[in-house]
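After this come two complexes, each holding chain A, first together with chain B and then together with chain C.
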Partner chain A sequence: MSEVQETQPQRPGMTWLNAHRRIQIFAYILVTPVVLLILGLVAYPFLFAIYVAFTDRVIGSVGNWIGFANFQYLFQTATFSSAIWNTITIVVVTDVFKLLIGLGLALLVNQNIPGRGLLRSLLILPWAMPAFVAFLTWRVLYQPIGGGLNLILTQTGIYPHVIDWLGQRQTAMPSVILASIWRGFPFWFISILAALQSIPKDLYEAARVDGANAWERFWMVTFPGIKQVVIITTLLSSIWTANAFEHVWLLTQGGPSDATMVFPVLAYFGMQTQRIGEAAAVSVAMLPVLAILVIVATSLMQKDED
Partner chain B sequence: MSAEYKTDLKWKNWSRRQVLGVAVSAMALTTGISAFSPAMAQDKPFDGSKLTYWGGLIFADEANKLLVDTINQWGADNGVETEVVMINQNETIQKVSAAVESNTLPDALDLSVDLLLLMSRQGIFINIDDLYKSVGDAHGGWYDAIDLATDTTDVAGGRTGLPFGASGNLLLRRTDLLEPAGFSSAPTTWDELVEQAEAVNAMPVSGLGLALSNVGDANVQLSVLQSYGGRMADDTGTKVTIKSEETRAYLTWLKNAWDKGLFPPGNATWDGAGDNQAYLSGQAAFIANTGSVGIAAKSQDPELYDDTAYSALPAGPMGTVSPMTPQVRAIPATSTNQEAAKALLEYLSQPEFLDAYYALAIYGPVLKDSANAEAFNGEDPIHAGLLNLVENGTAPGYPDVYNAAYADASSNFIVPKMAQRVVIDGWDFDRAMDEAQSQAQAIYDKY
Partner chain C sequence: MSASQADPVPETKKSGSVLDERSKFMLGRVLTYGILVLAVVLIVFPMYWMISISLKLPREIYRTPSLWPQVFTLENYRILIADKGFLRPILNSLLVSTVVTVISVLISSFAAYSMVRFRYRFKGVIGRIILFAYLTPTSLLFIPLSILMARLQLGNSLHGLILVYLTFSLPLSTWLLQGYFRGVPRELEEQGMIDGLSRLGALLRIVLPLSAPGIAAVSIFTFTGAWNELLLALVLVTSETERTAPLALNYLITSDVLPWGPLMAGAVISSVPLMVLYFIAQHFMVQGLTAGSVKG
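Showing the complex of A and B:
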């Protein structure tokens, strides 16, 4: 058998197309449809949006290349500056509170307390509720006349005057943030709870044996165990919150004035006026901020793995 | 027995007269059919085709249903498979914009003249000069204001919209509150409005239910500004002139009313239904509205309907600015069934439909013959007000030049935003006017 193989002349190209390469080519063929799909559905719209941001495109016309004119125009407007600060404020403040609430509740229901299962289910409800319903409900609660919050305050005598929660600059942003925290904390809660449950109990027992108090056990055992999850959750939550549209739109539409104006709402207003070049520029202007978030989070995760 | 033999037998039994008779009959039948076929084709020239229509959803369910049923009936009568989609008018811009970009516009649609003007510049709609003329000629002609306001010749080389209704703001007031306070007639000036509003302003009722948010309703503020002599731009329609003493006078009026606490809480974040809800829930003594609130009150709160009076918008130092906004139907250039769409639009302009539609809808007439419709006989105050608006209201944009830049600036809520800067952010008038001036000029410079 071996003699036969030795006497057979090798065809040209057979050396290159060995078994290893054939497997490689087959693998490429298998992943090609997925790559094409991703290129078509993700990469193309993404790159096209960046291109449009540099044009004066309006609805119904292809537009012309105008360089950074859209960005120059945006940076001149006070509303754009407000959108930057408002977006940062909402992301940072809601993330901090969602972390504290999510972590606290996760630690609570990770204990062996009565009704733990029911409590876990109830805590996930805000996240399970459609955003549209959730924020319209909050809008009703915030109504100056007949709204739940004012009724509580006035009926209990805590504050006798009607507060225009969404209509004043001082209270509009905190109101939006409160509703966003309420809707978003369950994601943090469930993620951290899952991480807590993956920490081996032995570690806690060993820490107790070593005489660690509750804070030391949290800092030395619990926190390292959930750190990765917190980083990923922070990253995802920040991106989602920065891109979120419905919480601001349904509550204040970016007002009063531009007190709660954020990037997605500003982009939407751009679309409403049919200047999609400008609208795309608003979205593209967010990219550096989001890119920094991604890079920081990724590097932290990498560092932890190393 | 073969078939050929049978035939021979039959022929043999026929007389010459019978054969001739059959031949003549056959010829006549053939001629008849051939003559009748084109007639059938002419009766139903669009037989077997499809047509999609986007109707403007208004605050009157019966009117919406009538439009849908009429289009579907027209389709059934003409062998056209029709699909009618009613689009919330607050979402028309978004839906139409998305459809333009994705090349999925319907065969015909309803839209406001503002949107028509902006989109006609891009060649999105076909020229319907012939249809416009024939419909006008057949029904007493178009009202002058309608004719002027819907003329897209400058931007599109011809007319692209067929008007079917006119809307605009009326001033609605609560007579049950105002009459006991000593005000039996409508305020004729903005200052009088503040005076009357102040007299009935007591929680939970706010005197002035005017929107100051980033919605179309808040553009009433632009009319107030213009009635004070302020202008968006100069007579060339290119140079923005918001910053002026007249605008300062308007802002003074606004700030004065705001400081008196006459505006309902939340009016700076209202959506498109904010003023409707405030009035229907009894929280506003005055609102400026198209009349849809009156229609809603008629069915939801008859007592409120009876206690509501309607009048024209008050005047400023320069008179009344009460813009009338025509609604039009248009045919996208991408339609594959343009002739059928034209036929449908012509059909929808017939008095049989329009008169019935006006009785249910909240539109003023566009054709002079429609003034004879029952809806405009003066018995219904809302329709009477709408007819008055068409006959005596101001043209869109007046006294400004109504062009695409003006429509764009209005869509950007330049004046409501300036108002918010003053009352919400506490900016001084100059700073607020400067921002509005520069933002509006940036928009005008694009055209």
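Showing the complex of A and C:
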């Protein structure tokens, strides 16, 4: 509470309470613009989205309260079921791979090896690339005609036939996932690397003196040191991956025949058909799961802060 | 991976067969570099492909594809800028991203400073609201925001776009700046105030300059966030003159003919400046990156 104890030499006549109050008012004034804008631009639209999801609003008409009818309708449609399973698949598979690749590369780069600075810079390049550029580039790579991936596979003789990666049901989802991993793993790499670098070197020495082998050292020293970061990164990455729009939109637009349809793309299509209530219901449908992830993540992040 | 924590110096000091330790160490190094080089190749290849397609003639892109362009041409860049009018979207993107960054960093630094330095009622609640806002995905907000912007007569305008981009840039920059401000010692500010600075003066003259690397990093993250945004632009902007760079490229692929050359030229133009910026500034950007602070 040191701000309370502050003396204000210029205003000797001021009482303790007044000085304290002045500082409080100043603090509130500073924080007010951000709070107002967030209430107006995030909190209000958020609640409004939930409300609209329970109405039959269309473009040009505000609509009426219809309870859970939008949700009941959605759960009967095949596209919505595809979106559920595709979203879960993309989140789980990409997060597992991003964790493994990010952790593996972070452990390698954390060694005292020549050139580690340059390697680190190169490994985070996909993170610096705008997502829309990354996915447009992968779209070109996946092309049957003139795509780099087919060119490499046919010219090296790994697979002789040209594959329409994004155009077939079996290959579309793995292709979207591969591109998402490529763009997303550097964030894990860099977060885990930062955590690794904050582990004191003595701990490894101590473990070594105690006779722990490399595997035991990983579980006794490395893992506890990075656990918190891995948990927070997993939560954040799940939230962001589940709500990502660009990867699917720019690669497949949800196709072929809903093979890669995910919630945000479905909500966007819903909006294009002008049935706003239904579209809002699509994005609100994942809210219960999302809310759990967000609440756990915020409490961990706030704890982390102290 | 198992050798990853091995520091070579104590390794050789240890008793036992020196040669054995040495060859084990060499093998570890070879494996390490092997894997890292493979990873770098997999990372760089798509970027190489993007650049090489942008420099190829159409016949080399579609008919006789090759790994290396036979004839280098800037024709794709000419088509993109002269025929497709890509200069306008780039300027729109620059304008929107710059304004969003300046507004966010300015008012977020006030809020972050207030939350780091002072104690008051509702501070915990405000902190939580900011974090919630940070984690609230755009996919949940784009429908109500488009209704709201239409109501405010701000649909289909760069002003509207700037306003809605504050939904993600404000929580992000406030959250990050709090971390940086916590590192500025309170004593320096108190010293400044004894020397006659007001509270606001202490913030502007002492805290902000001392957090300059942090503010630069937050500015780059905020700028990047606005520069990369597609979904809100897609929903809000309808007329061609108000398109941002991602939006203009998005409309290039939804047309019937897919112009890969100009598309990749646009990709290069939209990404190279940012990637150079990251490359130069990465030291303090990575430094300030606490767990999960920036969207990946």
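Rule of thumb we're sticking to: the second predicted complex is superposed on the first by the 254 of 306 C-alpha atoms of A that agree within 3 Å, B and C clash if a C-alpha of one lies under 4 Å from a C-alpha of the other, contacts with A are read in each partner's own complex, and residues count from 1 in each chain.
The rule is simple: contacts are C-beta pairs under 8 Å (C-beta built on N, C-alpha and C of every residue); 3 or more make two chains touch, one makes a residue touch a chain.
Keep in mind that this is a model prediction, so the values were computed, not measured.
Q: Based on the shared chain A superposition, would you classify chain B and chain C as clashing or fitting together?
A: Aligned on chain A, chain B and chain C clash with each other.
Q: Figure out whether A:Thr137 sits in contact with chain B (first) or chain C (second), or with both, or with neither.
A: second
Q: Once the shared chain is lined up, is A:Ala172 touching chain B (first), chain C (second), both, or neither of them?
A: first
Q: Looking at the overlay, what does A:Leu287 touch: chain B (first), chain C (second), both, or neither?
A: second
Q: Looking at A:Gln274 after the superposition, I want to know if it touches chain B, chain C, both of them or none. Which is it: first, second, both, neither?
A: first
Q: With both structures superposed, pick whichever of chain B and chain C touches the larger number of chain A residues.
A: C
Q: Tell me which partner A:Ile145 touches in the superposition: chain B (first), chain C (second), both or neither.
A: both
Q: So, A:Ile38: does it touch chain B (first), chain C (second), both, or neither?
A: second
Q: Just to be sure I read the superposition right, which of the two partners does A:Asn110 touch: chain B = first, chain C = second, or both, or neither?
A: After superposition on chain A, A:Asn110 lies in contact with chain C alone.
Q: Just name the clashing stretch of chain B against chain C, choosing from 5-13, 23-31 or 95-103.
A: Only one listed stretch clashes with chain C, namely 95-103.
Q: Per the definitions at the top, what is the overlap between the chain A residues touching chain B and those touching chain C?
A: Touching chain B in the first complex and chain C in the second, residues 143, 145-146, 271, 276 of chain A appear in both lists.
Q: Tell me, which parts of chain A touch chain B in their complex?
A: Within the complex, chain A touches chain B at residues 56, 58-61, 73, 76-79, 143-146, 162, 164, 166-169, 172, 251-257, 259, 269, 271-276.
Q: Tell me, which parts of chain A touch chain C in their complex?
A: 1-3, 6, 9, 23-24, 26-28, 30-31, 33-35, 37-39, 41-46, 48-49, 52, 101, 104-105, 107-113, 119, 121-134, 136-141, 143, 145-148, 151-152, 155, 182, 184, 186-188, 190-191, 194-195, 201, 204-205, 208, 214-215, 217-218, 221-222, 228-229, 232-233, 235-237, 239-240, 242-246, 249-250, 263-264, 267-268, 271, 276, 279-280, 283-284, 287, 290, 294, 297-298, 301-302, 304-305
Q: Which part of chain C faces chain A closely enough to touch in the complex?
A: On the chain C side, the touching residues are 1-8, 10, 29, 32-33, 35-36, 39-40, 42-47, 49-50, 53, 61-62, 65-67, 107-108, 110-111, 113-115, 117-120, 126-133, 135-148, 163-164, 166-167, 170-171, 174, 178-179, 186, 190, 193-194, 199-200, 224, 227-228, 230-231, 234-235, 246, 249-250, 253, 260, 263-264, 267, 270-271, 274-275, 277-279, 282, 286, 289-292, 294-296.
Q: Considering the complex alone, what residue numbers of chain B touch chain A?
A: 93-94, 96-97, 100-101, 118-119, 122-124, 203-204, 212-215, 264-269, 271, 281, 283, 408, 411-412, 417, 420-421, 424-425, 435, 438-439, 442, 446
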